[in-house]
Every structure is written in structure tokens, then in C-alpha cells.
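Worksheet for the structure shown next.
To keep things simple, chains are lettered A, B, C, D, E and F as they appear, and every chain counts its residues starting from 1.
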Amino acid sequence: MPTHSEILNATPIAADAVVAQARSMFDQGYRLVTMSVVDLGDGNVDIFYHYDLDNEMTHFRLTHPKDQPVPSISPVYFAALLVENESRDHFNLKFDGLVLDFNRTLYLDDEITSTISAPFCKISTIQKKD
Amino acid sequence: MLTFIAALIGLALTPVVGGLLAGVDRRVTARLQSRFGPPILQPFYDVLKLLGKAPMVVNSWQVMSAYIYVMSSALAVLLFFMQGDLLLLFFVMTIGAVFQVVGALSVPSPYAQVGAQRELLQMLAYEPLIIVVFVGISMATGSFKIADVYAMEKPLLLSMPFLFIALGYALTIKLRKSPFDISACHHAHQELVRGVLTEYSGPHLALLEIGHWFDVVLILGLCSLFWHTSIVGMVALLVVTYAAEILIDNICARMTWPWMLKNVLGVGLVLSVFNLLWLYVS
Amino acid sequence: MGLLENWINKGRLKSPWVVHFDCGSCNGCDIEVLACLTPVFDVERFGIINVGNPKHADVLLVTGTVNHRNKKVLKNIYDQMPDPKAVIAIGACGTSGGVFRECYNVVGGVDQVIPVDVYVPGCPAKPDAIIDGVVTALDVVKAKLGLGEMPKVTVID
Amino acid sequence: MSRTIIPFGPQHPVLPEPLHLKLVVEDETIVEAVPALGYVHRGLETLASIRDYNQMVYIVERVCGICSCIHAMCYCQGLETMMNVEVPSRAKYLRVIWSELHRIHSHLLWLGLFADGFGFESLFMQFWKIRERVMDINEATAGNRVVISVNVVGGVRRDLDKTQQRWILDELDKLEKELRQLMKTMLDDYTVKKRTVGVGVLTAQQALQLGAVGPTLRGSGVAQDARQLGYAAFDELDFEPVTSPEGDSWARSKVRFMETLQSMDIVRQAISRLPDTELAAKVPGKPTGEVVCRVEQPRGELLYYLKGNGSKNMERVRIRTPTFANIPPLLAMLPGAQLADVPIAALTIDPCISCTER
Amino acid sequence: MQSVSGDVHPEVSRLSFVLCYEVRMLDTLVFGSVVFPLLAALAVYFVRGDAARNIIVPVSVAITAAAALGLAGLGSFSYSPQAILGISLNGLITVLDFALLGFIFLIALRMGNLLIMGLTVLQVLGMVYLDFFLMDHGTQVTGFYADSLSLTMVLIISIVGGLICFYGLGYMKEHEEHLHLAKSRQPRFFFFMLLFLGAMNGLVLANNLSWMYFFWEVTTLCSFMLIGHDGTDEAKTNATRALWMNMAGGVAFVAALMFLQKSMGTLSVQDILAKSAAPGMKTAALLLPMAFLCFAGFTKAAQVPFQSWLCGAMVAPTPVSALLHSSTMVKAGVYLVIRMAPAYQGTMLSAAVAIFGAFTFIATSALAVGQSNGKKVLAYSTIANLGLIIACAGINTSAAIAAAVMLIIFHAISKGLLFLCVGAIEQKIGSRDIEAMRGLFKVMPRTAVITVIGIVTMMLPPFGMLLAKWMALESAATATAAMPPLVIMLALGSALTVLFWARWAGVMLGSTVPGENPPSEHQPFTVRLPLLLLAGGAVGLSLLSPFVYSMLVAPATALYAKATAYTVSMGVFENNAGVFAVYPLFLLLGVGFVYALRAAKKVGPEAASLPYMGGSQKVVDGKIGFNGPMNGFVETAAGNYYMESLFGESKLSKSINVIAIVLLAVMLGGVL
Amino acid sequence: MYMLSNVLRNIMGKYSTRLYPFETRPAYEGFRGKLVNNIHDCIFCKSCQIKCPSQCITVDPKEGKWDCDPFACVYCSVCVDACPTHCLSMENQHRKPAPSKFVVSLQGTPRKSKKADKSAEKPAEAAAPEA
């Protein structure tokens, strides 16, 4: 029974398996709901991949160092383009193989990117408040 | 000479009539949409205000085009009141239409450019219809002179009802009403902002507005020729025509130019040919 | 000349064409601005038309907070309006930045970028308040033309 | 071939919101459409670190004014799951009522804007005229026309008394009558159909692959509606997702039109079954843990990812709004369309840019 | 009317390379118009060197023009020079005919083009049959005959054509520099250009149809040589196409000659027209050759389905296009159709010609809409206008003929001007595409304005072209035959012409900041002078159109119909169908225009603003654009709608050609 | 064409425009309009300041000052709910637009109660970073 609201139960996944996993989900007819990124504060980020098939969600968790490029699933799911670019803006993540890289200009302008390196990372929020 | 003076007086009154018409139009449209609507004199307030605004232009050609537009529209109206040649006054009106397009094309503004292209397509749609209507009139009266129309004893509408419908198409396009408000319309809720008028502002926009009034009055004047025998009939015909325009504006979506070309040139020309053949045979 | 001048001034007060710019609003104020145009409020009674093009407009309605990207747009639009012109900032965001004042990408209220003539508070501002705002803006214009006094600020009534 | 480059927005009369599209057209046929976002980006998710989790309710409400109530509801439901709070059932029903009223007003708003998109001014005016009834209901019951601020973590803040309930039913009946008068115009009128049928076609497969949600997805014949998940009191109410298989703009407008009627029905059901309980449960402690929560907005499925760290500030609030998911389908619809169809295609995803960019 | 008898002074025979001062005025003038250009052509060809050419060409075109003016001053005449150097002119021309055909055959042989060879052989056979079996060489046929129509043509050819040749001097110099030619081919070029003028003058003055045929074929040869002048593969193909199509017309011409000789017993235009006026004469025996002549005229005037040769001729250097389009070649075709108009007046053939012309008008106007290549637009517009002229000839009332002649005059000037403008523009900006001319005012303000003047004179009142179009439409409306379809085609066609002209004029007046002066523009004198003269001529002559009408056009129509087309008083054209007030319009529009111009000048730089770009307008390096995705600068670009899917050449040509062939078949078949 | 009956009905009937500001329809009872503070009852407890999602209220218990920026207020009525003395309330009239911004600054008598001071100080620390 699918639920509207669940305590997140995500399957861990390795960086090199992300694209293959996405491909397999795509082939099974899953819809990519979105990706979520959280800064863990220890130099790593959690990247969640939320998939949906007939209202049943499947989640994957990729724990990844912030400064290393993440494999992009946008070649598989075109829809990932926006969310990956958004993560690029917010967390200054890099994505390998992004189909259209806005290069951190999806939302942000120089005024922000030149002063706050990653507004959604913990360190940056403190910077802003200073 | 007397005709000339009368024509000059008519010319001076034309913008007043045009403005009032626009005002009534807006009020009636508002009521059709269940709104209270603006004051009847609103178009005059608008134009006066625009005249008082600081000029803002992209280049000088625009200004020249605006002036030529008003001038040629006024001249066409003058020719109408002088009871001149129908075809000639139409060609004079074309000067204005062309310069409106030239003014819009001379600026590097995508909206004005696209609007100008669409305006040209609109001209392509209504020009043949108007010419054919004139030809019909000339077949009925033997001449293109307005004076000769007035010499007729029977209203033209009786012998050329279909051509009147064709003229109605042209009127709708000229009035910039749905379904043909594709190049510019009076409310800017469209994909082209205000099309050909986008880059005009302040006094120059006011000029174009006044020119538009001249055009509207002129085309309504052409419609009035269809029932020239009595003032009552003429007024009734015009009221019915204009009311129909407002209604059509309010019960149609805006269409696209391919549809317009197909529909206006297809249906309009078929109606015209039919009516011309009818005239030709009788 | 005096007569024409009078007429033009009358026109200015009777025909405030507005251009609406959504400057990072949550849509709350936007739909209320739009609602003003619709039958129930019908601001066309005052001669107001939403012209959608700064070059035709007399009044700029701004809803929403200013952020770093749209502040340039806001400035551009303001610059493209021919004089005389007025600016109305609508809603908590437009007037001060509202709840978003402290977001990293938010510059603040509209007055950070362009001069504002009338502030309309509310979150979102009611259509009635927006109509009041336009009326106040006309008073401001009147005062600027030297035809009347600046509307008073009532803090507590 | 001569090309025209059109900057569609950020300020544009058709789209009230600042979305910028760089359109490259050849004779009005779109050959390239590149979007530019960021004109509404505020970064409000970061406010989670400086506002407490209760204040965030009012901030997420202002992600988008049109579906404000539903944002707050989703956020509250997520936190309730995280903190294991059982919401009183009257609150659940009231949430259904207000969220469906929001859906009605949002859809009416959209139908009006859509009519305006194809230049049908009187239809636009008519939709917005009848929409005022819902706005009045909102104002009378919740204290504001648009952003109604009724949700709190644990329940709702306002109640509906019997007179109000009767009045709402009354107004809805009038509204339904008025709306049904417009049905033929919206769905059968020649000029309307000419402008909407076959514009912006999206097949079911495309829609799923591009991640479309809500009426955009259902307009392609996929019966997915997050309300089926049974949040709030939806598990106790009767409704079927509205679908239409054509996948074009007409189908999407039909879906929205029918959903408006359906929502009225749901409100009636909810009012008739309104239980008599508390309005809000007490919420103990501070949130901790990770939660994913979904509800159905007027525009489609809304997803919140919430992470609490045991303090009164949330660690992370991540909002995936329906328009965010519907933008890739829009980009797929545009190339090959006519310039005049751009507003229509763009409007059929019911874009809410302030949602998208937050 | 001054008439000169056929048996001229014996001194005429002494006409040779030396001008005889004692010969009469007329001889000199006809010589100056017809033969002198040939001599000048030879001179240009043999006296190499830029300096010499720069003297010979202006002087010779000046002399030709002077001769044309002189002829016009003399008025109508018919005149028959008997012999040159003791050789019978008739005989000489017959010999030259065969020589010419032989030459063309050789060319075809070298190209291995069987079609042209076949067409040539057909003509040779026809001529042999005509000359040796049909013709009674005893009867004397007046060689030259001139009325207002011919004289108008001579004036156009000599003055407009002369200006084009003059322009060619500056143009070709730059053209060859551009091509990096080792050896100048200008002598050859100007040889054919000047020869062309002479041949055209001969053609329009000829009364003997077999003489006319000779000049006809000379123009065919010249056009072939000139189109292929640049020697590129494309030029060669297009020249070949022009040749075979015109040779097909030639075949029709020969056929017409044979039939006429057989049925009417004469090849004198005068006699044929006079005979046809008699009641009961308009039978198949007369109409069939007329139909053939019309067919020949259609090929020369590049009417559909033969439009492709004229469009192909665009590969030639611009002066060639200008010459072919405005004053020579194609005008020969319409001249022939108008010339013969009285002979088929009131018949089905006339109606068919009218419908055919109207169809060409609308079809090629539609094709022009689909073109972004400026020269092609001009080409299609030329064909369209020729179609209109032919339609007028087919309507065949005095007003229609007046319209046709007015069209010929004003079209020649405006179109010549436009071609020269495009040539000048192309040499400066390296493209003849309309899209490339966007904002031309910023680069070459004077030429841009002159081009716009040219365009405006093509399509708007109160200028001559529109006056003529007005006459055409009104006469079509009162025409008896086939009226409703005819009128609708003309109405649609004229709307289409406005469409493509208006957008061209618009894009050229690109943006400059108000109050800022455009850069000054440098141009060779030989280019500038013709532009200025033609622009002045287009406007000035329009102002003088009442005079033009009463001096040139009205006498020409008088030959065709008894009724006067229009009465002109105080610059107002009037008949019982309509009024066109030239002077009042000029006055009011002129005052308005000056006022508009002054108002435009008054707007200063303080009013300058950027165009509306949704609020993201931006200027980078002086380029206007907007802030696009990824904060990148996007320069604005705009394109006209050419609507390939509706008006594309590939889309329309086939069906147009089919319809045209059907119409032609109906026309020829209907006669029988 | 289906719209015809509709527009005709509109023109036959009365317009649905409320002629604001010439005729005012009073807002509904519960409308959250102007925020008013009955400053005499205010105990300067700072609950409103703390709960306000927009942080538009500043309370200075020492001076007895209660400031509210009506142009930052989002009219959510959280402060009204939170107010322990019910001195805060919302009128059902919207705040009028103004040509310049101002802060509603109310001066009351500062409370000397120790209890109130304590309860005010504790949340004040938590709210400090934003101030």
C-alpha cells in the first residue's frame, strides 16, 4: 500500500552504480520524481534519488564527497536536468555528463556565486549571517 | 468648394466620432463581460494623456511613420467626404498601413517585427476583399465614385449582401477584434505584447490611436454606403454591424494567421465571387 | 495652451495605464492584481488598462521581493517607462521583502532599486487595497503636477 | 532561412510570472526554446535554519500563493509523520475542504488565464467572475482570500460552523451552475478547439519519461493522482482521477475543468461527513529523522523531503513542486509549435514559477 | 503627324561610318537610335582600355538618348530606309537573320544542346519557307513605323537603358576587381550592352514583322551572352535556359510570320492592324498568328511557365539584370502583345490573354513573397508587373491600354532604379539577401533611402506605378470579358505585392539612435548619378504623370480605341468610372511627408530608448540584444516570413507551371 | 458561438462589479486585516515577536515599546493566537496604502514584573541571531 508520507527508507547506492540503476529504473517504466541533496556537514552530501511507479516510491541514497563530480543521470532521465542544475547552484556540486549545464546560472547571479560558494551548505549559511 | 468645406468639417469631426465609438465599444464590451466598464470618454482621456507623455522612441523612422499613418488615414477620410474614388481612397489608406509596418520593421524589436509580419498578412487578407467589394460597387453603379453610389436608388445591400459580409471580415480585421486580433490588439494579453504598436509610446502612440479612429470611421463609412438611401437605414445598418463586431469579439478566441488567411481568403473570396457573378449576370 | 494642458492633466488622472511586473512574488499578489482587472473589481472604471509593456504604461505595479536577477529587469522596465510615471509596490514582499527578507538571494523591497511612490501592505494585498493603492498613486501624481497635496500617511487611525 | 529570436519574458503580459524563454522562430515555427529561470528564486528553503519548524509553516505557504494551503498541509503532514502525531479527523476533513477549495480557485484561475492565452477575453472575465465566489469563501472561512494560513503542525487553526457549511454548499451550487454554463464554450467551441486541439501533444509514455505530474500527466491518459494515496481524509472520500487520453492542450484543459467539478463534489462529501472532534493535536518535542511526503496540488504531485535534527530548526526542507517536474515536458512540447501556440502550450502545464524556483 | 515617304533621298545610301550632315533629321535620329549603338558597341569592343571605354560609353549613351529625345520630339512617323551601302535592307536583314540563327546553332552545337539546335533548325526551316516560298519580295513593306507607343519605348530604352550602361562602368570595374580577373572582359560586356540597346530600339521601331523578328533574335542572343557573362557553371546553365526558352518564343514568332504572310499577305504591322479593324476579320486566320505572337511575347516577357529564365538571369552582373528587367528584353515581349492588341480586341483570345496575364501577376507575386533574395524578389515582381501589363493588353480597352503604357514607363524607371540599388548594395555588403539588408541605413544611408524611394514608388500612391495599377484595376472592373476571376486575381496579386515590398522597405530603415547622424557614404560617381537621376525621375515623372499621360500615353491609346481613356485637367485624371487626383494628392501627401520628416528630426537623442525585450534588454558592444539564458547576451535577430510552405518556389512552381500551360493551351486551342 | 448566450445574459443583467471605493462591501467577519495592539493590556512578553514568521514585531520590554512594521507583516495572525493577554487583534479592514513606509510604534508602560522579564528573556536569546 503506497503512502503519502513515509519515514525515508533509502537503499544506499554507490556512485558508479547510479547511472546503471537509473537506466534500469527507466526501462522498468519508473518515473523520476526528483533528487534531493542534503549537506551532511562532514564534507559529504547525501543525494537521494526518488523514483515512482504507480504511486509506489523507491528511494536510493548516494553519499558522496562534496568536491567530487557526481555522475549525471540526465542522459537517461532528461527531467533530471533541472534538478541537477539546481543542485549545482545550491551545493556547488559538479555533475559528470550533464546534458545542458547552466554552469551555476540556473538561479544564481554573480552577486551570489562570487560571495557565497554554496548557499545551501551549512558553512555558507553562517557566512551569510555574518 | 462647398463640398470641400463640408469635407473638412467632416474630417475634423471624424476623430471625435471615432473616439466616441471606441468609448462606446469599450463600455459595451465591459457590460458583455459583466463589468462596469470605463467612462464613454475614456479613449479621449487616454489619447490626451499619451499626448502629454515624454516622447520615447527607438529611432526617428518610427516617428515619421506615425505621422504618415495619421496623415494618410485622414486623407483617405477626406477623400471619402469629398465623395471621391473608392479605389483611390483605399490606396491612400494603404499608405498608412504600409508605413505602420515600416515603422515597426525599422526597430530591432522582436515583438514589433513579428507584429509587422502579421500585420502584413492581415493586409494580405483584407485588401483583396475590399478591392473586390469596390469592384462590386462599381458593377452595381458603373463607377468607383462615391458620388455615383449616392445617385443609386436602391440600397446596395440588397444586391450585394455577400460582399457586405466580406467587408465585415475586413472591418473585423481593421478593428483588431477577435478572431483577427493577431498583430496587435487593444488589450495586451497576447503573445506579441502589442505587436506593431509595441515600440510606440506617448505622443506617437496617441497619433497611431487617432489614425486608427480615422480608419475605423472610414471603413464604417464604407459600410454605410450599403444603405445610403435613408439616414435611418444607414444608422441602423451601422449599429447592427458594429454590435455584431463587438459580439463576435466576445464570443471568439483569437485565431492564428494561417487560419485567418485560409478563412478570410477562402470564405470571403468565395462569397465575393458568388456575389460578383450574381451582379455580373443580372 | 492652458486649456490643452488642463486637458492633458485630466487625461493623466483619468487614464493610468499599468504595467505589472512580478518581481519574485509568490503569485498571491499577482493573482490579486489580475483579479482587479476582472468583473468583480474592474479597475477599467478608472481607465486602468493592463498594457503589459512599460513603454505604454504610466504606473508600474510591482509585486514580490527583488532578487539579484530580477533587479536588473526591474530597473530596465522602470527606465523604459516614459515620464510622468509612478511606481506602486504591492504586498509585504514588494514593500519590504516580507518573510523572505533574510533569504540569501533576496535584495529586499522594491525601493532598494527604484523609487516607489505608493506602498500597498498586505500578504497578499486585497484587490480593494490595490485599488486604494492606485487611487493614492493618482493623488501622488496630482501632487507632483502641482494640482493637489501629497496624500497623508495615516499610521494609526 | 530567416530566424527571429524572441525574448519571451521575464516581463510578459501573457505569463504573469517572470519566466524567460529564448525562442528562436522561423516564420513563427519554434525551432529552439531555451528557458531561463531564477527571476523568482529566493532560496527560502534556507530559512529553515533560522526559523523554527512552526514558523516554516507560514513560509512554505508563501512558496506559492495559489496553492499555499496545500504546501502548508504537505509540510505539516510530513512533520506529523516524523513526530508521529495523530491528527484529529475533523482537522483532516477541514484540510480536505480547504485544499479542494484551493484547487477550485486555482483551476478557475487557470481556466481564465488559459482563455486569455488564446485571446478569449470574455471567457477569461467569466471564469474570474465566478472564481470570486471561492475567494469569498476563503475570506469568510479562513480570513484571507489567497494565503489562508489555516494549517498548523498537528491540525488546523480555524473551524467551520454549521451556517458557514451551509453557506459554502450554497455558494458551490451557484458556482457549479455558472461553471457548467461555460463547459460547452471551453470544450466544444469551434474557435477554442481550433486553438487547443493538437497543440502541445505529449504521449503517455513521453509524459512519464519526462516526469510530468498532475493534470499534465492525466491529460495524457495516465491515471495518477496523489490524492489516491489517501492523505488527510481522502482515503474516506469517493473520487476517481480525471483523465483524458488525447495528450494535447485541449485534453489538459478538459482534465482541469472536470477536476473543478470533481473538487466541488469532494467538498460536498467532506462537509457532509465532517466529524466532530478536536481541531489540533498537541505536538510534543522537536522533529528528528527523515521524511518524504507527497500531496496533490492543483498543478500536480508535490513532494517534500524533510530532515529534522532534533532542534527546533529543520535540518533541511526540500520542496519538489509540480511545475518543476512539468518544465521538461514543456520544453519537449515547444519545438515545432507555432509562436501563437507558445502561450497555450506553456499555460497548459499551469506554470507556477514561484513554486519552481522557491 | 509627320509622315515621311518611303522613297527617301538617295543620299541615304551613303549612310556609313561617317555621319552625313545633309541627310534629313529622321535618318539621323533613327540611325542614332538603332545603328549607332552597334557602332559604339564595336568601338568599345575594339578600342580596349578603361579610359577609352569611360569616354565612349557615356558619349554614346548620351547620343542615343539625345536621338531618342529627338525622335520623340518629331512625333509619329513611318519610314523605310531602302538600302545601306547599296544593299537592300530587306535582303541584308534576311542574310543577317540566317547568320544569326547559324551562330546560335553553332553555340548550341558547341554546348551539345539538342533542344536549342532543334528550335534553331525549326526557325531556320520556317524562315526558309517564309523567305523563299511565301514572301512576295515585290511588295514593299514600310520598314520603320513609330507612334507614341514606340516612341515611349525608345525613350525608355535609350534613357533608362543608357543610364544603366553608364552605371555599368563603375559597377563592372568593382565587379572585376572582386573577381580578380586577369584580363578584363568589359569590352565584351559593353559590346553586348550597347548592341542590346540598338536592337531594342530597332525592335520597337520596326514595322516590318520580319525585321522585328531579326531584332528579336538579336536581343535573344545578347541576353544569352550577357547572362552567361561571368562564365560560372550556374551562369552557363541559366544562360542556356534563357536561350532555349527564347528560342521557343522565336519558333512561335516564325510560325506567326508564316501564318500572317499566308493569310494576310503582309508582314506590315500597320497593314495587319488596319485590316483587322474591318468587320468580320477576326477569324482564326488572323487570331492564330496573333496567338503565336502573344506566345512569343510571353516567352520574352518571361511569363509563367517561362519565368525561370528571367530568375536565372539574376546570376549576371547587376547592370544586365537591370537592363533585361526594366527597359529592354522583357519589355519587348509586352510591347509586342500591346502592339498587336487591336488585332485581337474583343475576341476570346483577348480574354484569354487577360486571364493569362492576371494569372502570371498573382502567381509570380506569390512566388516573390517566398523569396528572401532581393534580386529574385525584383525578378518576380518584374514578371508580375509584366503580367499585369499583359492583362491590361488583354482587357483591351483604352483605359487598360493607357494603364499598360503607364506601367511600362513607370515600371522601367522604378525597377531599373531598384536593380541598380541592389547592385550597389551587394557590392558593399556582399549579399543581395533582404535579410542581410536589415539596418542598411546604418551602413549606406543614401542608397538605403533611395532604395526605399524606389520601393515606395513601386507600390504607393501618388506615384506613377500606382496610378497605372489603379487604371488597370478600374479598367478590369469595367471589362466585359471574364471579369470576376480577373478582378479577384488582380486584387489578390496587388495585395501580395504590397506584402513583399512593404517588408523590404521596412527592414532597410534599420535603427539609428534618434538625433544621431548616419555615417557618410562613398560611392563612385558613375553609380551615384544613375541612382539619383532614376530616383528623381521616378518621383518627378510621377508628379508629371498628367503630362506624361497626355503627351505619350493618350496618343498611344488613341490608336487602339476611339474613346479617350481619361480626361486630365489640373492634374486630375477622370473618366466616368473614377477619379485620381494626382496634384492634390501630391500636394497634401508632400506637405504631410515634409511635416512628418521634420517631426522625426525634432525628436532628439534624449528620447532614445532600447526596444522592449521583456525587461531584459541590454547593449553589448553597440549591439542591441537581451540577457538570455545562462546570463548570456543574445543579440536580437529578426527575419521576415517567407512562408516556404505556402509561397516557396519548390512548392508553387510546379502547380503554377501546370496551370499556366493549361491556360496557354486553352488560349491557343480556343483560337481554332 | 456557445459564449453568445453567456455574454447576452451578462448584458441583460446587472454588472457584477463592486463599485469599490464608491460602494464598499465590508470584509467578512474573520478577515485578517490591520493588526492592532491594545497597548494598555500589553505585557511586552515578546511571544508575538518570537512567533512571528516574518519577524516584523520588535518588543522592547524595558522601554515599553511595541513596534510593528506593517509593510513586513504577512497578516497571518499567529501573533494574535500567541498573545497571552489578547491585547493583539486584527481588524477586518485592510491597511490602507501609503506613499511612504513607516513603523507602527506604540509606547506603553513597561512592566516591572520579574516573571514576565524572565519569560521574555529566554526566547529572546534564541531569536537573537536573526535580529
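Operating definition for what follows: contacts are C-beta pairs under 8 Å (C-beta built on N, C-alpha and C of every residue); 3 or more make two chains touch, one makes a residue touch a chain.
Everything numeric in this text was worked out from a predicted model, so none of it was measured.
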In the chain contact graph, what is the shortest path length, in steps, from chain C to chain F?
1
Ranking chain pairs by how many C-beta pairs touch, which one is first?
B-E
The chain whose C-alpha centroid lies farthest from that of chain E is chain F
Of the other chains, whose C-alpha centre is the longest way from the centre of chain B?
A
Taking every chain's C-alpha mean, which one sits closest to the mean of all protein C-alpha atoms?
B
So, in whole Å, the Cα centroid of chain A is separated from that of chain C by 39
Provide the C-alpha centroid distance between chain B and chain E, rounded to the nearest whole angstrom.
36
Which integer distance in Å separates the CA centroid of chain C from that of chain E?
61
CA centroids of chain B and chain F: separation to the nearest Å works out as 53
Could you check chain F for residues that touch two or more other chains and list them?
1-3, 7, 10, 15-17, 19, 27, 53-54, 74-76, 129-130
Multi-chain contact residues (two or more partners), chain D:
4-5, 7-8, 10-14, 28, 38, 41, 43, 46, 50, 58-59, 62, 120, 122-126, 129, 144, 147, 189
Find every residue in chain A that makes contact with two or more other chains and list them.
105, 107-109, 119, 125, 129
Would you mind giving me the full set of chain pairs in touch?
A-C, A-D, A-E, B-C, B-D, B-E, B-F, C-D, C-E, C-F, D-E, D-F
Quick check: in the complex, which residue numbers of chain F touch chain B?
1-4, 7-8, 10-11, 13, 15-17, 19
Which residues of chain C touch chain A in their complex?
68-69, 104-105
Going by the contact rule set out above, which residues of chain F touch chain D in the complex?
1-3, 5-7, 10, 16, 27-32, 51-54, 74-78, 81, 90, 126, 129-130
Complex contacts: residues of chain C adjacent to chain E:
21, 53-55, 72-74, 76-77, 79-80
Would you mind writing out the residues of chain C in touch with chain B in their complex?
7-12, 14-15, 17, 38-39, 42, 44-47, 49-53, 55-56, 58, 80, 82-84
